[in-house]
Structures are given as structure tokens and as C-alpha cells.
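Input: a single structure, listed below in C-alpha cells.
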Amino acid sequence: MEEKTNVLEVRDLSVSYTVANVKTHVLENVNFSVEKGKSVGIVGESGCGKTTTMRAILNVLPSNGTVESGEILYNGENILNMPNNKLQDYRQKGAGMIFQDPSSALNPVISIRNQFLEALKYAHKDKKLTKAQLLEKAAKALEQVSLADPDRILSSYPFQLSGGMRQRVCIAITLAAERQILLADEPGTALDVTIQDQILRLIKSLVEAGELSVIMVTHSLGVIRQVTTAVNIMYAGTIVEGGDTKEVFGHPMHPYTQALMDCLPKLTGNGIAKGIPGRIPDYSSPPGGCRFAPRCPYVTDRCLTEKPVPHETGGGHWTSCFKAEEGR
Amino acid sequence: MSLLKSILKRLASALVVLLGLTIIIFVLMRIVPGDPARLALGANVTEDVLEKYREANHLNESLPMQYVYWLTGALRGDFGMSAVTKRAVIQDITDFAPATIELVLWAGFPPILAALFLGVTSAQHKNKWQDYLCRFLGYIFVATPTFVFAVLFVLVFGYWLPVMPTIGGRLSPSFVIPDITGLYVLDALLGGQPAAAWDAFLHLLFPALALALGKTMQEARITRSSMLQNADKDYITMVTSQGVPQSVVNRKFLLKPSVIPTVTIIGMDIATMFGNAFLVERIFNWPGLSSYGMTAILNKDTNAVCAVVLIIGLAFTLTSIAVDIVAMILDPRMRQKRTR
Amino acid sequence: MGDIILEIKDLKKYFPLADGRTVKAVDGVSMKLYKGETLGLVGESGCGKSTIAYTVVGMYGASGGEVLYKGTDLAKKGYKRTLKQKGEIQIVFQDPGSSLNSRRTIEKSMEVPLDIHDRMPKEKKTERIEELLEMVGLPKEYKSKMPRNIGGGERQLISVARALATNPEMIILDEPTSALDVSVQAKVINTLIELQKKLELSYLFITHDLSLMRNVATRVAILYLGRLCELAPTTEFFHGPLHPYTQMLLSSIPVVTEEEEAIKPGQIISQGEIPSPVNAPKGCTFHTRCRDCMEICKTEMPVMTEVEPEHFVCCHKYTAKQEKQEKQEKQK
Amino acid sequence: MKAERKEAMIKNWYKFSAGGVSVIGLAIVLLIILLAVFAPVIAPYPEDAGAVVKFAESSQAPSMEHIMGTDTMGRDVFSRLLISLRGSLLMGVLVLAIAVPVGFVVGVLAGYYKDTWVETVLMRIVDIFLSVPALVLALAIAAILEPNLRNSMIAITIMWWPWYARLSFGVASSLRTENYIVYAELTGAKLSHIIFKEFLPNTFDQILTKMTLDMGYVICMGATLSFVGLGEQPPMPALGNMINDGVKFLPEMWWLAIYPAVTIIVIVLGFNLLGDGVGNIFNVEGK
């Protein structure tokens, strides 16, 4: 077996936001890593902190967000306290992100061509490429994401494109930079399923060719299963379960993961479960113990007061749940 | 849609609006109590003379026909006679317009740069002393009516610290400059008389400042708030996350979308200046169209009032078209939307 | 099959563009909705599924064809719907953010249909609203809440309750859960299914989510660029999809279990892009992306054929087969 | 429910007072309203607000007796200033009371019927009124009518409603495709329901914010008209005509013009600051 090298490692990351003088503790001790040339998924429902995690990895949290603790290691170096020029370098060549909302991620008053050029100029600055060469890369990336007429797209402004096209332009800008790590935030949400399938296949093929490491966050378990080899289930800012994708989906252990799987409508057509009662907790005063406890059908007193720690059940599959730990 | 097509569309709609304006003006002119012939000729003329005047001015026709006659006259530049100056109104207007145009040009355009500079500085030093100073002055200046500025300037710079040229006029009588554009500073420079240009500029400075200060701070405020708003947008985070240096992000990605709101209100601001000039010109004795219009209004000189209102409407429409074109160049989205 | 409550015949809806071209959003669609069933109308963006819904509900008129509700053509030029019809045909919209007026309480929003269709004294109205809330499984205290204080799923349930206020016979569900998380979607869907059983409602369910339709719909109809590709009872549809587009759609769905993987028609790789409905391809609109494209597909529009009872396909592959079979039968 | 409302109040106050300055604005506005309401009681010489001549006390500089001095007729400037506040505030209230409903209805109708002839006609009319600086046409109208306080209000109202029409048009045309509007339509709601029950609550935030700001600007425009003699007529005091009278005696008798001028600035400033705070509550960007 070849040696594992983690190209990116997130350790004990906690992030909070301050909204109207109230502090909300969104992420709590998030841990995960991605190996070189592998793909990792983070699944969770809206408001669980997926996007915050991604932004933290690039150190571009909104101005009211703060990293409370933890580190994010890129090739062993913590990017959270990197000097500015190194951080710039990391963003240019290390990791790049596909933003979730295609309608706000592109500058409305700058042509797609110039947005490509500006981004690629810095991403490829060591190679001293000419403008024409950069545009060639842009055109190639656009073709990769199944946009048929790159010239027309390049000379357009974002408002002239449909939502699906904009999203693919965002993907193409990020891919054309040819960074080591791709952070994909809901890369298919705005796309039709047949187009989404093409994009997912593309990302998967890039990973399989060993060119790319991917961290993908999405609410869709299916997308994760199609692309990634390892998965982390996120609930209310904590990762509750993780491991090999097929294994986790095949034998979910955390009550949240199980409930999520049951709620999902399946092609086999055996109905849909009742759903999970309650709502995601208020981050300004999150539950003291397990964050899922208030909605959990198997809750015990211990869950309400004590925070569960990851418990491995074999084959790299682990979960943070007392039920699994106690073997109930 | 192409830029040209949008501009043409914009022009067409402006034409409709101007036509509507002439109707309003005409209605205003006709609701003046009393017999228009009598008003024009005075109390001591015979019925015969009045009748002749009515005949000559189509006052016996139906109102819509009168409007048509008035409009065709106006289109040819014939607004009738002024009751105050006893000259053709159009002549008065051509005499007085350049002074107002010069004043509004100076008050309207150079301060935009100041506004942008202050807005950007304020945003980049958010909650530091520069920002607080800008915002404090902004609140005070925006709250000050233009005529109060004018009065204060006269008091402070006219009497207390007499840096202002003797009150009134556009140029000290000792200078004679060629009449080329009607804009004195420019004419003086074209005529190779820097001293005269400086003198004309000093005459201009305080009226222009009185007109500009409030609007400039308003524009600065808008620039500041749109800079700050946009700085947290995804598209800025996206380029930052791509490793584009902060200075480049600010210059190439943040500035352009942020100045657009400012640019779009400039048209409105300049229009308001044409209005406020009515008072400023009066207080500073500036021999312009607005001062002429003000005299006409106070003396119920209907022909002159209508002409001045129409001319100012035209000037405003042209300015806002110009501003819209600039906005369309800056913001491709505007080319699609129908403007105003 | 029961009574037909709604029949759409050759429905067309064209939108003129500013530059003189037209978008053929719906171009000749025919289908029936039986009483008490759920017909799933599935397709990707630009396929015209929402346009059909909006035409049925009366947001805009049709450019051609008929919309027969209990035998009355609602789409006839100049026909004005009666208040009764407006009450009987209700709609639940996709976006939970905009389906309720954010500035009015739940009670006020729910009063809208009551005030129009069922005037009653204030106290009875409050009672009725509480009853409706109970029907969708929400506590009656919700009536005094503002929309921003409740979750997206709950907002959708309020929309459902509001639609029930006029005692509808048929509800058009325009992607009612596509903006919701699956755990929330589950509750909304289950409530809808229960209500349907209890009140004998007919649903026209618009969605892009085929997996959801597998669990909800009685029959499924697939649309592509304003035309119907395939229409079949759900079980049959998922076990033997016939149209190449349907097969491509099914194989593109990301799934989570091995069992599901087995159902997907494998080895069909999604290709090409959905053409703009402004200049839809000639012939079969799907031919530009079809892996089985034949010469005839590029020029001639296929027609809807019933290949098996209640299983309709619109594809030259099957029309050709059908004709052959018929010929053979004749020869026999 | 009560707790929820209380929480909302606290949150709104937090948003309102976030900048700090809005509280100052609120204080200024409250003070001005109180002063105006109780002016006849507070004013040391309430009779000076009319045609009074007191030669013995004429042209006095500010002193303990006349804290803002007296004018050439010996009238107390402070008293006249207090009384003039009433006319100014009344003007602000009345102008907006008429301009806002008219503008709202016109704008909402145009927005709701966007892309039809209704929009074209209504919005062209609005555009025409906006094609000339408000002050110019207001001056012209006020001059054609008899110059007095009432007519200056009429003139300002005629120029002010188009702004509310434009504001409401913007809101209505972006909300008209919202599902709750479409739903009300489809269920058979009347136009009046759609305008007043659906659009009005959603336009309210922006209208209220603009109204607060505009109170100051209307007062300012009223003062401008009265400055050139087209408002309240002497001997009754108004902020504008007091300044106009005072300008003639600059710079020696500076108190005649300066105090009313500062008063206007403070009023407009107060409403501006208050308007910013109101806008912060609703997340509406002020002008």
C-alpha cells in the first residue's frame, strides 16, 4: 500500500459568527482530511455549516465570522496564520472553490472573459502564459463543462446567461486554474440532472486521473455517493459520522444518518419515512451535549449533558454517538 | 440589446416626456387668473388693441389649437415677449443661459471626483477617524439647504473673511474676454488671459460650492455604503479566494460595481442643481437663467416662466440621458432594462 | 381507472419575445388526470412543466388546444372561470419564501381564500383556520405567527392548508418540496399523501425529482422541450422506461443504495445540452442528444403511441415497431 | 406571543440604535415636535409672532432677555422661531399626508400592471413631473397661485407625489410575480385587496423610511419657497421669510438670519438621522 499523504487537514475547527451582538457557535470541533488525489464529501442539510467550513478552508469567512480554535493544515502548514504572500500562493495554486450560488458568485459588471483572465493570471503566474494561452485554457474548461460555444460565453456578461450556465462558468473558472484541491460547494444544485451528471463525471474523472483532490459539500447523498470515496456526515456544525462512502451509506450508524437515509425518496419506491421532528438547534445556545440529542429518538440523559467523541467501529468507519459506543 | 439601440430607446422616451412637460407648462400658463391679453399689455389699452393682440396670438381659438400654436412657436424658439424686459424671451434666454450652464457644470462635475474619493476613503477606513469625519460632515452638509449655504458663504467669505470677489457678476469689470463659448473661464483661457480666468473662477467658486456641497456629500455617502455592501458579496469573496491580491480586487472588481449607484444619481443631482440655482444665483447676484427665471416668477411674467421651465426641463433631460449612457457603459445590465 | 377530472388536449403555449421570435414553451401536450390520482409531471428546465401548470390554473391563456375541467374548456378564448372553479382548482407554489406574504400573519394569509369563497363570521373563520392547520398537522397556535418565524417546510404546509380552504377537488403542486431539505420534505409529502386519501384529491405534481415520483405518483409523464416523451403508470415506468430520454434521465439520477443502482438503466451516459426552447430542434426535439438517433428523427416529429395499455411513448423507435407489428397482425 | 413581541422590539431597538446617531435624531425630532406643540406656552413673547412693533427693543443683540436677539421691529427672534416651527411641521405632515397615498396608489397600479398601457400612461405622467427640478415647478406653481402658506403646500405636494409613485412602482413591479400575489389573483381576490392588503404591508417599510427623511426635506423646500416670498406672508413668521428678512442686515445683525438657518439645518439633520435609524430597522437603504 502506498503511503498516505494528507494534502489538506482540518483539525478541531470551531467557527462563530456575530449577528446583531449575538454570538452563534456554528462549527464545533470539525475534523477531517483529504488525501492527495482522493475525494472527500461532507453531507448535511441547509444551515449545518457546510459553506462555513469551505470558506474557512480558504480563509475567506465573512467579516462577522471568527475562527475560535483549530487549524487548517495545507501540506503541513496552518493556513490560518500564514503570512499574506504565502496565503495568496495557497489560494492561487493550492485550493480553489466552486461557489454555491451561481447568481452571486460572478461579478455582474465584468465580462466573463475578464473574470477568467484575472483569475487565471494569478493561478498560472509562474508559467508566464500569454493572454491567448490563458484564454485557450478558459475555452477548454468551458468545453469540459459542456458549454458548447466558449467564444460566445466568454464575451457575455453574467446576466446574459442562464442559472445553469453561470454555475458551469463558475466551475470552469475554478477548474481552469488547475489547483491541487477543488472545494465544491453544492456543485450541482442549479443544474438539471442530466447536466449535473456530466459535471460529476468530469470531476470524478479528474480525481481518478490523479490530478485533483476534491472536497465536496452538498445536501445530496446521491451526489456524494457518485463522486467521493470518503464521506463525513455533518449535523448542526458537528461531524457525526464518517468513513468510506459505500460503507457509511450501506450501514449508517448515527441516528441522524439513519433518519436522513430513511427520508430520502428512493427509486426502489418503498415509501418515505415520516421525517425528522424538530428543527436545527439555535446556534447562539446550542445543546450542551450531543447537538442532535433534542431530535434523536434514542436520546438518553447522557446525550444531553456529555459530548460524544468519535468511536471507531472498524474499517475506518466511525461515529460520534453514545448509542453506537454503548452498543445499544 | 446593443448599446446604441438602448440609447435610441432612451431618447424616444425622453421626447415623450418633454412633450408632456409642454402640456403641463401650457396648462399652468392658462390657469393664471385673468385675461392673457390684458396681462400682457397692461391695464390701459383699448378693447380694440386687445382684440388685435388676441388675433395675432391665436387667443380666440380653442385651447388645444392654442396649444398647437404655442408649441410650434416654442419649437421655433418663439416664446413671445417678456413682460419684464420687453424683449423676446428667446433673446433673454440665449443671453442668460451660458452663465447658468457654466455654474452647473462646475458644481455638477468636478465634485463627483471628490465624492468618489471621499466615499472610497471612508469605506476603506471604516470606523476610523477619516470615516467618522466624512460621515459627520456628510450629515451636516446634506441637511443644509442650498440657500442657507449661500447666505452663510456671503456672510463668512463676503464679510468676515473677504476672500470672495465683490458680490455679484461673473467677472470683475476690469477684464474683457472674447465671447466664444459663453463659459467665462474657458473663454478667458482660450483668449490667453489666465488672470481673467482666475478671476472668473473665483467668482464661480462660492456659488458653485453652495450648489455642490450637499450633493457631493450625498454622493460620497452612497459610494461608501455601496463599497461596504459589495465588499461582502460572493463575487468579491470569490476573487479573493482565487488569490487575487487585495489591491487588485479593490481596483478591478469592487470599484466598478460600487460607483454605479453614484453615477445613476448624478443625473438627478444635477437636475436639482438647476432648481437650487434659482436661489443661489439670486443670492450671489449671478446673472444667469435661473436668476432671470426667478425674477420672471416673482413678476408673473408667464411667457418667460414657461420658457425657462421648458429649457431647464430640456437641460435636465439631456443631462440624465448623458448620465444614463455612462451608466450603461459601466453596467451592462442597464442596457437591457428600460431606464426610468 | 376512475372518472376523468381534467383532460388536456393538444395544449400549446407560445411566448413572443421582444425580438420577434417565439418560445414554444408547450407545444401540443395531451394528457388526462383521473380523480383521486397523482400524475407526476417530470422534466428539466425549459421543458414546459410549469407552463402547463400555470395554464391549467389560469395564470395565462393557452395559445391553442383545450383544458377540459369536468368537461368545460377552461382555455377557450374569452372564457371566464367561475368562482367555484377557481376554488376547486388550487395551486401550491414552489418557493416557500414567496408563497406567503412575509408582512402578514399566517391567519391573515389563510383568510384570503375564505373571504372570497366562504364568507363567515369572524369566530367561525378562526375555527375554520384552526381546523385547516390541524389537517396539515400544525398546532393551531401557528395562526398568529409570522412566516419568517417558521421553517420552510411549515410554510409549505400552510400553503397546502390555505389551498384546502376552498374545498378543492384538484391541487396543482408546483415543485412543492424542491427547496426543502429531505428531512423536511418527508413530512410535507406524507401529509400530502394522507390528505389525498382522506379528501379524494387529485394532484398534478410538477417536479424534476424522479425518485420522489417513484414514491408518490400514480402515473408519471416525462416532458422534454414542450413535448411529452413518455407517460406510464409508475411501477411500469420505472421498470421498463422506453424513451431514450427517459432512460438517460433515469441513469443520471444520483442514488444512495445498491438496490437503486440496479434499477437504473446502466451504461447510458448523459450527453449534450438542453437546446433553447426558442429554436427547438426540428423533428424529434430530442434527436440532438439521442444515442439512437435515426434519419427520420431529424426531420419528422414522432407521435404518441400506446405501446402497452396506458403506456405511451413518443419515439420513432416504437412507432416503427408498432407499425411493423400491426402489419404482421394484418398479414396473419 | 408577548415574549416574541418583546424580543422583536429589543431587536428593532438594537438595529435602530446601532449607528448611535439615530438616537440623537430621535431626540432632536421629539424636541422639535414638543417645542412646536407647546410654542405658545414656551415662547417668552408669543404676541411677537404677528404685526407688533416695539421700537424700544428693536435690533437688540442676543441677551438674557432675548436669547436670540430682536429684529428691527423689536420682536423677539426666539419667540418667532418657535411659532414658525408649527407652520413648518404642519407643512411636512400635510404635504406627505396627501402625496404619499396618491403616489402609492399610482405607483402600485403601474407596477402591478407592468408592461401594459396602464404602466405606460401612469409612469410617463410621473416621468414628466420628474423631468423638471421639483423646486422650479413648485416655484412656478406657487407664483401663479396666490402666495401664501396653503398654496405653497399645494405646490410642494404636486411636486412630491411622483417620488412615492416611483418608489411604490419599484416595489410593486418586483413583487407582482411573488407567489402570494399570484395566489390571491388566482383565488379571485379583488384589486383593492391586492393593493391594500398585499402590496401595502410590503411597501410600508420603504415608504415609512422615505417619509421620515422627507419630513426634513419638505420642511426645507417650504422654507426655500418662503425665503423668496412664496410661503407664509409677513408679518407671520416662517423659517424662510425670517432668513430673508435677516439677510438684508448682514453682517451686523447676524442673529436675524443665523438662528433660523441653524434651526432648519437641525430639523433636516434630525429627520435624516431618524430616517437612517428607521431604515436600519427595516434594512432599507435610505436615499
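For reference, chains read A, B, C and D in written order, and residue numbers begin at 1 within each chain.
Just so we're on the same page, a residue touches a chain if its C-beta (ideal position, glycine included) is under 8 Å from a C-beta of that chain, and two chains touch if they have at least 3 such contacts.
Keep in mind that what you see is a predicted model, and the values were worked out from it rather than measured.
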Chains contacting each of chain B and chain D, listed by label: A
Per Cα centroids, the chain farthest from chain C: B
Contact-richer chain pair (by C-beta pairs counted) among A-D and A-C: A-C
Length of the line joining the C-alpha centres of chain C and chain D, rounded to whole Å: 52
Centre-to-centre distance between chain C and chain B (centres being mean Cα positions), rounded to whole Å: 56
Averaged-CA centre spacing for the pair chain C and chain A, given as whole angstrom: 32
Listing of all chain pairs that touch each other, if any do: A-B, A-C, A-D, B-D, C-D
Of chain D, residues touching chain B in the complex: 21, 124-125, 127-137, 139-141, 143-144, 216, 220, 223-224, 227-229, 243, 247, 250-251, 254, 257-258, 261, 264-266, 268-269, 272-273, 285, 287
Touching residues on chain B, where the partner in the complex is chain A: 231-235, 237-245, 248, 252-253, 256-257, 260, 330-333, 336
Chain D - residues contacting chain A, complex: 11, 14-15
Chain A - residues contacting chain D, complex: 20-21
Touch list for chain A against partner chain B, complex: 55, 58, 60, 62-63, 88-93, 96-97, 99, 101, 104-111, 115, 118-119, 122-123, 157, 159-160, 170, 173, 177
